[in-house]
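Order as written gives the chain letters A, B and C; numbering starts at 1 within each chain.
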Amino acid sequence: MTIQPLLSVRHLTTEFHLADKQIARALEDVSFDVMPGQTIGLVGESGCGKTTTLMAIMRLLPASGRITAGNVYFNGTDLLTLSEHEMRSLRWKDMAIIFQGAMNALNPVMKIGDQIREAILLHNLMQRQAAEQRVDELLEMVGIPRLRRDQYPYQYSGGMRQRAMIAMALACSPDLLFADEPTTALDVMIQAQVLELLKQIQKNLGLAIVLVTHDLGVVAEMCDTVVVMYGGKVAEYGPAELVYNQPQHPYTQRLLEAFPDLSRSIELSAGSHRPDALSGGQDLATIPGTPPRLNALPPGCRFNPRCNKSMEICTQSAPKLVDMATPGSGARQLAACHLLNGTEIEDL
Amino acid sequence: MNENRTLFKRNLSDFWKAFRRNKLGLLGGFLVLTAILAATFAPLLSPYMPTEVIRDANGRGLTFAPPSVHAPLGTDDAGRDIWSQLIYGARVSLTVGFLAGFIAMFVGSLFGILAGYFGGRVDNLLMRVTDVLLVIPDLPLMLVLVATLRQMDLRISPLVVLVAVIGLLYWTSTARLIRSQVLTIKERQFVARSRAIGAGHAHIIRKHILPQIMPLIVTNTVLIISTAILVESGLAFLGLGDPTKPSWGAMLNFAFDRSAVTNGAWWFYLPPGFAIVWVTLGCVLLGNVLEEMLNPRLTAHHLESNQNMIAIQKQGGE
Amino acid sequence: MTVIVVVFINFMLFRVLPGDPVRAVIGRNVRISAETQQALREQFGLDKPVFPDQFFDTLGQWAQGNLGVSWSLRRPVSEVLMSKLWNTLLLIGLGQVLAIIFGVTLGLLAGWKRKTAIDMGALTFSLVAWAIPTFWLGIILLAAGSAWFGLPTAGIVSPANTGKPLITILPDLARHLFLPTLTLTILYLGEYMLIMRSSILDVLSEDYILTSKAKGLSDWQVLWRHALKNAMLPIVTLIALNLGFTVSGAIYIETVFSYDGLGKLFQTALVKQDYPLLQGAFLLLAVSVIIANMAADVLYAVLDPRVKET
């Protein structure tokens, strides 16, 4: 009996209508699965579509955004078919999000405790008294002293605000947590704390986490599965071990080349051997060239202009995802590159 | 040298294109332009002199006559043509407004630049002064000042008095605006670099700061002028203008004092006000469109309509 | 600190005002002997050096509430001012409150539903309202109101009702107040609308609004619970700033509607060159605006927790 994925994104395609009538194709044919209790990392450079993916799933795209194709199955239901009203009751209760730059994502004129309580009461999970208690529990869970619940965001440090956001995100015990760059803009010590916190929470509450980041070290430390995105498409997708040790896509290879310590075989189970390179904040090394402009995409493969292994076919057609894992190993490692001759896949 | 000129021309044509696209800006420009033209060509456009009394067949003044063929906007309480008064009044209103506006703009920009650039005590002093001026209610202060100046028997035309008073009180908003802009510019790299190579203050201000704040100054001037015109009309309405050279505000003063309202002579009190609105609105529209072009608000907010978020195209044939 | 400056300015201004006060009191009657003139001067304290004697004398008098005697009305200035103060407060207060209520609501809707009909309409209205001179709108409404609706054209209450207790004359008062208040409201509404709209647009672009939406709040809930309080902060500042301008507006409106308040008093004093009255009125107006500004600062600090600490 196979476990059903908690979240199943299929062929998600979005575009943005820009000011001067141009259209930016932000996401194209993005697919991946999130199993219950699993951590999946979404990596890539700025602008590759990681955040857009999260926003599209939660249907929080800005006014210029459109989802033009695909399905987003959550516990079997396609979120894209729900009404806004139904979506609202789902938000936060079943899936919550910690935004990038979460330090500013709190209302400055409202007490922290009240903001958290609002989330609980909104979804009618319990009475007011119980909600108050839960707020205290949540704050304790993230290591914020109970006494500080009546303070305002400006009285918290950056790291504390981040933790408050986490507490708020967990308020309704969601099954799925989206974390968009949770450690960026924090200093190194705090980064480690926040990551530790997330790992603990996941262990204790068994929720699934989709971690968006450009920090490969963080992903290596926390994630079971990795999705590498480039130019709005999935470049590579598979178990973290396989992707890190045997990267198939040229882009992934280049990324990992910058982190020699990571590409060695590492124990990726929780809490074990931590490679030296993982002091947090390790950014992507520069690959010459710049990411493609989404309203003026190159023909064929999107990575082609910066690829050092490009062939003629790369300018003509976009590669499809193929499975490069050893047949029968039980795992799947997908990559989209013309160089590869793996097994074609049907359902993704 | 030539490339500077071509660059300038290209910028100008871009500017014109963007400007043309904005209908409201064009409207504003039209309104202001017509007013200026009317004022300039006043003698050509008015059938009578504003002080001339139109007489009927018996030689009596045609007082409070409604609009007719002879007088398109009727006559006032002494039989003078309103239309002519209106056209000539444009000269006064516009002149006072523009002059006062320029003075306010000049003083404001000067102080703003000085305060922003030199900072420290100069800045503090300026802030104090603007704070005080901001707090004191403007009209009472102006009335008192005008009364004082008039009393002093200085033999200046009352209009000059108005220009001076308005100009000297309305520079504060400009000053603050320019100051904050200068502060941001000052922080930028090239200023520090210029200082490092020994450039003098005047040089830096002229070459680096001034070009950057020029657009802001221009926009602000247009808006200040509109305020100046409004304020002048108010002061004139209260009787502080020049009775021999009535502006639109003064015309309204006459209308009110000489019972145009009770006599139902709407042609007396409506047109001058309408003219004021015409020009003021024109300036505001112009100013707004300039501001839009300088600081366009691009991003939508989070609650903006998203009914089209899911726009999944159906595959053909289903 | 500002108060001191204002007081000083006031004093200097009026001492500079030539037109020998004594002469004005006496009028055109030049046949008064030089000795009598000198005696009068002494009585008014005008023979002492201006500074510091006259200055501190006057200051002392003002502190005691003695603002001199009105030349034209032959009553103490402070008494005259007090009797008219409430009328103006009523007018301004009503006008501002209505303008705030309507303006803020309209601004909220306009910013929320940007670029829709309501936004465009509100913007147009504000734009035009700004360009309309206060007194002109007053004149138009006066003409229209009296001609079409028979509304009174002057005064606060009909002459027959002067001095009667408030309750009985309420309808009459309302009729008289209607047009002037309407004028004020229309004119100030536009400004509040614009500021609120701009404020709401800023607030709604903030990250915490997206968080609220992500929590599952409906648009209306987001507006009401999170956006509104943040957006109202600039309005408080605006109200304070506006007080100066409202006073100016009152001068025009009270003149047009012959409404017996401070504004009309000011204008009359100006015309009649009644300097003590003018000076006293100016002092009162300036000081009240300053006090109101300070109150607004306090209010702002109460509303915005971030400010409290400073």
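Miscellaneous remarks
By definition in this document, a residue touches a chain if its C-beta (ideal position, glycine included) is under 8 Å from a C-beta of that chain, and two chains touch if they have at least 3 such contacts.
All values reported here derive from a predicted model rather than from experimental measurement.
Seen from the C-alpha centroid of chain B, the farthest chain centroid is that of A. Comparing chain pairs B-C and A-B by the number of C-beta pairs in contact, the larger count belongs to B-C. Rounded to whole angstrom units, the spacing between the C-alpha centres of chain A and chain C is 56. In terms of their C-alpha centroids, the spacing between chain B and chain C amounts to 23 Å. Between chain A and chain B the centroid-to-centroid distance comes to 53 Å (mean Cα coordinates, whole Å).
Annotation for chain B: residues touching 2 or more other chains are 299-300, 302, 304-305. The set of chain C residues touching two or more other chains comprises 206, 210, 213.
Partner chain B is touched in their complex by these residues of chain C: 2, 5-6, 9, 13-14, 16-19, 111-114, 127-128, 130-136, 139-140, 142-143, 146-147, 153, 201, 204-206, 209-210, 213, 219, 222-223, 241, 243-245, 247-248, 251-252, 255-256, 266-267, 270-271, 273, 278, 281-282, 285-286, 289-290, 293. The residues of chain B lying in touch with chain A in their complex are 298-300, 302, 304-306, 308-313.
Residue ranges of chain A in contact with chain B, taken from their complex: 19, 59, 61-70, 80. Those residues of chain A lying in contact with chain C across their complex are 58, 60, 88-93, 96-97, 99, 101, 104-110, 118-119, 122-123, 152, 154, 165, 168.
Residue ranges on chain B touching chain C, taken from their complex, read 131-132, 134-141, 143-145, 147-148, 151-153, 226, 230, 233-234, 237-239, 249, 252, 255-256, 261-262, 264, 266, 269-270, 272-273, 276-277, 280-281, 284-285, 288, 297, 299-305.
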